[in-house]
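So that you can tell them apart, the chains are marked A, B, C and D in the order they are listed, and the count of residues begins at 1 in each.
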Amino acid sequence: MNQGEVLLSGQNITQRWGGLVALDKVSVEIERGELHAVIGTNGAGKSTLINILSGELKPTEGQVTLLDQDVTHWSQPRRARNGLGRSYQRNTIFPDFSVFENCRLAAQAQVQRPWVWWNNSQKCQLSSTNARNGIRLAGLEAFSDQVAGPLSHGQKRQLEVAMCLATNPQVLLLDEPLAGMGAEETERMLALLGQLKAGHGILLVEHDMDAVFRIADRITVMVNGSVIASDTPDNIRTNPAVQTAYLGDH
Amino acid sequence: MDFSIFLIQLLNALQYGLLLYLVAMGLTLIFGIMGIINLAHGSFYMIGAYMAYALAPLAGGNFFITLVFGLVLAVILGYLLEWAFFSFLYEREHLQQVLMTYGLILVFEEIRSLLVGDDVHGVPIPALLSGSIPLGDVMTYPVYRLFVSGVCLLLALGLYFVFTRTRLGMMIRAGSVNREMVQSLGIDIQFLYRVVFAAGVALAVLAGMIAAPISSVYPGMGNQILIICFVVVVIGGIGSIRGAFFAALLIGLVDTFGKVWLPEASGVLVYVLMALILLWKPSGLFKAGG
Amino acid sequence: MKRLQTTLLAAALLGTSAASMAEDAALKVGLMLPATGTYAQLGTAIENGFKLYVDQAGGKLGGRGVEYVKLDDESDPAKATDNINKLIKSDKVDVVVGTVHSGVAAAMAKVAKQTGTLLVVPNAGSAMITGPMCAPNIFRSSFSNRQPGFAMGKVAAEKGYKKVATITWKYGAGEESVGGFKEAFEADGGEVVKELYVPFPNVEFQALLTEIAALKPDAVYSFFAGAGAVKFVKDYKAAGLMDSIPLLGAGFLTDGTLKAQGGDGEGLLTTLHYADELDNETDKAFRKAYSEAFDTVPDVYAVQGFDAAQILDIGLQAAGGDVSKTADIAAAVEATEIDSPRGKFTLSRAHNPIQDIYLREAKGEENVVIGVAVEKLDDPAKGCRL
Amino acid sequence: MGIDKGKAVFVGLIFLALALYPLVGDSYGIGLINKVMIYAILALSLELLVGSTGLICFGQAAFFGIGAYAAVLLSPEDAAASIWLLLPACVLAAALYALFVGALSLRTKGVYFIMVTLAFAQMAYYVVHDTALGGGSDGIYLYYVPGMDTWLDLGKPLILYFFTLLFLVWTFVFLAILLRSHLGRALAGIRINEQRMLASGFTTYPYKLAAFVTSGGIAGLAGFLFVVQDGFVNPEMLSWHLSGSLLMMIILGGLGHLRGALIGAFAFVFLQEFFKSTAIFGDFAKHWHLGLGLTIILSVAILPKGLIGLPEWVQMRLFGYRNPRQVERADAREDRHS
């Protein structure tokens, strides 16, 4: 496990919707041990980028590489099974299931023979172990047996991350994990992200600037579908182009 | 098949397709804008046809006055139904919409049975349009069928104008693509819904009324057209006005020429066509709002 | 041994008393007819006709008072078996009368054959019912689909038509009717140049009318009923074919539909086992009584309902009101000439009417008889092993 | 996921009652309950799609009908078929058509899926109705009831009754086991949130197709049983009215629960019998569709959770009490939709 190894990269990604260019030759790299944040105004193309990296969208042009393999034409599930986890802006948990079952189901994607209909899924060793692992990493052990629906918003966001982790990913694409969180919850999530980046590569799309500048190792700034800067937080803070284009409006 | 017969068949296909368009249009609009899958839409067609029969005495037998009467009633009916029933369906899941509108079909059919009975009725073609034009050496083409095609075509053009050139049309098109956006633009969504629904009902009722003189009026006539309209809407792309137009014409062609060339398979043909199109384009030929 | 004898005697006594009890009790008649859907109107006419006969017979059939159990068959064959089972097993009817839809009637015939329950079919003309499904306890008071078609085939040949096209719905009744027409017409030297079919119950005929115009046959034979008949005749007229290519049809084309056709059916020649202005006293009395009782003019369906009751009455009279004496009932019905408003007819071994098929002409709202197309027409009853 | 004891006892009691019914029922009752059990199997097959996987199939009658037609068409004309061959053949025929329909229709979503499954059912309807294969609109008879040599005579109503009950229990248990397996859990996940399943690495299409084919096969089984009981097939068995009625059964009973399909089938048939009853409605019974239609509308409007949710609904209406867990769950659901 080499820290600094490039896990996921997008090269010259272009996305056009009819005449509209949503992304214009965007390149990003996510390294192991790195928390890479992407910021930008609404409509800058952050969500499009994350959708292309995760495989939900096929780019008009460009290439996506995951663990040294060209995955541009891979489907989302195939990328997910090969080390790519993602969370969504909105909660995508299963509200009627327990926290454990949420994670176990996510982990089940790795099971080799899913069609064996006579086996009780609850007795599956592999998915249970991975689920517990995800829960532990996300710090939700105390809630393992609770139904997910009634959890607080912050806990649900944590569960979202836990479900990603249960699939044993190398790279995490997190879409606004802090959205709608209170101060205390934010702190807990930031601590969690700090711990996770050791073994993973994390791409974070986030609006909370304070948080981003506190924990990101690298920040990419997007405006109107283009990357205008990609550097350490300190350099970004002083970058004049960023100031006029983005921080200035803030 | 010699050429003149071929042309006549083309005319038949066109006329059938245009009538389908009129009914399917309301279905696709109501779904596209309001997100409601309305199985009872065929019933509106049936109601229209029965209006053409039942209202005729009130209008002194004048077909055109009956039409106006019927349209006014249709708009009122659509408005009331939206208010009393369909407005409760917006937040419901598709399955519940399917079942509730399925229940509505049964209710409409029975109310029809209670009010006008189960007889088959004919509706006379208005004298003004009762002539026919000779085509070929034995065949004549009834003027009324041309009139139906003409009305449908005019309405299609009119709707096209409304959708592309007016503010209401823009709202409707925007609404079928993105409902939240319309709301955020400060448009009175409830009003929009009622207008769309009443228009959809009026279109189906109108189709039923103008079809009545050539189709006669009978129980269960709504169900027959409903399923075929579903096919039209699916092929055209749900919520697409242009799609409904082209799909309806396509179905008209396939049905007409299927009966002549492949009589054994003519019932199945439209469904095979649908399967093929979905294989090629899973969400129909055109996008919503187009 | 003695004990056994006593037991047997007791059982015999009990048996007879039970039987005589049954004769005294009201005859339960299950009317399994369509009350909803396309055929609802026909169901009503049949029921009216049946009740008219019973009322005229003093409220009795075969000497027993009559009690009705009504059931809507919805013209849905998928529910038919359950429906008739309900009448037989749950409502414990003695006799079942029904129905219009051939598919439903076919399912009913199967159950009747298995259970031995008396069944009178007052409309459905499917060949199956008096063919492979025929049984001593199953009767038909109407017709087989083949009959009117066959008669029209004769008429068409007599009129000197050489090339005829046929058009009907793609379904059992239509195909059997066209089959009958073809059989008679081609036997007499004609040729059916094209058989056109419309998916049932589709009523969009325009394409096939154009096809007919292109074929230019000497005449067209058609089988349609109800709404389809109304629309077909109107379309045929509107296409301008009525004047150039004569339209012939099985009688359903113009029965109960002339008013809705709004004059477009005027002058059409059709064949059927009933007609207006038949010159017989039974019919005159029937029409008068029917009009008075139900405030409407009777049609062929009412006649079929009326005769269904009549057939039951004849059979049950002979059996002393005991529905279980199937052989006696069948023998009596087969031996009797039934005095129907349609004219006198008999039932074949397969229990299908052997009847005169009339040639009729549509005048105003009536199908006026202009002659007998075929006298005492039988049905081959293919597959019947009686 | 773990088997709830209360539910298991409840379902067990239903099956026990069904097993004991022949002791009290007359021959009509046995035939009727037999038919309702067949509908219950059919409803269970649909429940696998609609309730468990979230795929609203509006063409289930087609698979039922194809199973039934296969039973008649594959039987020799002058002898009884062996059920060892015929039953699997019927299931296979229906499953194959389901594979075809599923493979195409699963490319579509939401309303498209509803309409496309409906249209494919119509296609099958027209094939049996219009082609020489299906015997046309009058349908075809099965002259000899298929059997298992001599010791299992399905022509005897009582034997058929227990045969059907056996398959009902089998279907229920099979589905219950399937639903807690990996496959079943994945289907549940797809129903609730397919996006999450994709993101977790599930290629959802084959899962859905598996559900579709399984469901079709079970519907084919029901079709086979129908033919054995009635000895008759007709195109109307494939009509969309039946598909609609089946949907109504599962929502009436309670969507998302196998026992809902079971209860729903019985409740729906009872409702129909009730509105058709001339003893209660007199001559108005002829308009029984009106009552049925209104009941469908009202029950969907008021009781969206079906009869299973009735105790909770009564509790809420009468005592204004809501289970706090339920409230939060409902909120969570809204959260998801927003």
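One rule holds for everything that comes next: a contact is a pair of C-beta atoms (placed from the backbone, for glycine too) under 8 Å apart; a residue touches a chain by one contact, two chains touch by 3 or more.
What you see is a predicted model, and the numbers here were worked out from it, not measured in a lab.
*Asks:* Out of curiosity, which chains are bumping into both chain B and chain C?
*Replies:* D
*Asks:* According to the touch definition, list the chains common to the neighbour sets of chain B and chain D.
*Replies:* C
*Asks:* Using mean Cα positions, find the chain sitting nearest the overall protein centre.
*Replies:* Here the chain at the core of the arrangement is D.
*Asks:* Please tell me whether C-D or A-D has the greater number of C-beta pairs in contact.
*Replies:* A-D
*Asks:* Return the distance between the CA-based centres of chain A and chain B, expressed in whole Å.
*Replies:* About 47 Å, centre to centre.
*Asks:* Using mean CA coordinates as chain centres, what's the chain C-chain D distance in Å?
*Replies:* Measuring from centre to centre gives 36 Å for this pair.
*Asks:* Let me have the rounded angstrom distance from the C-alpha centre of chain A over to the C-alpha centre of chain C, please.
*Replies:* It comes to 73 Å between the two C-alpha centres.
*Asks:* Using CA atom averages as chain centres, what separation in Å is found between chain A and chain D?
*Replies:* Between these chains, centre-to-centre, one finds 41 Å.
*Asks:* Please list all residues of chain A that touch 2 or more other chains.
*Replies:* Residue numbers touching two or more other chains: none in chain A.
*Asks:* So which stretches of chain B touch two or more other chains?
*Replies:* Where chain B meets two or more other chains at a single residue, that happens at 109-110, 113, 264, 266-267.
*Asks:* Can you list the residues of chain C that touch 2 or more other chains?
*Replies:* Correct list: 36, 170, 199.
*Asks:* Can you give me every chain pair that touches, using the contact definition above?
*Replies:* A-D, B-C, B-D, C-D
*Asks:* So in the complex, which bits of chain B are touching chain C?
*Replies:* 1-2, 5, 8-9, 12-13, 15-16, 109-110, 113, 117-125, 132, 134, 136, 138-142, 144-145, 214-221, 224, 255-257, 259-260, 263-264, 266-267
*Asks:* Across the complex, what residues on chain A touch chain D?
*Replies:* It is residues 54, 56, 75-78, 80-81, 85-88, 90-96, 101, 105-106, 108-111, 113-122, 124, 147-150, 163-164, 166-167 of chain A that touch chain D.
*Asks:* Name, in rising order, each residue of chain D that touches chain A in their complex.
*Replies:* Answer in residue numbers: 1-2, 177-178, 180-186, 188-189, 192-193, 195-204, 207, 210, 325, 328-329, 331-333, 335-336, 338.
*Asks:* Under the stated contact criterion, what part of chain D meets chain C in this complex?
*Replies:* Touch residues, chain D against chain C: 26-29, 31-32, 35, 126, 129-130, 136-139, 141, 229-232, 234-237, 239, 241-242, 276, 278, 285-289.
*Asks:* Given the complex with chain B, which residues does chain C contribute to the contact?
*Replies:* The contact residues of chain C facing chain B are 36-38, 40-41, 44, 170, 196-199, 201-204, 206-211, 213-214, 216, 226-227, 230-231, 234-235, 238-241, 244-245, 256-257, 259-262.
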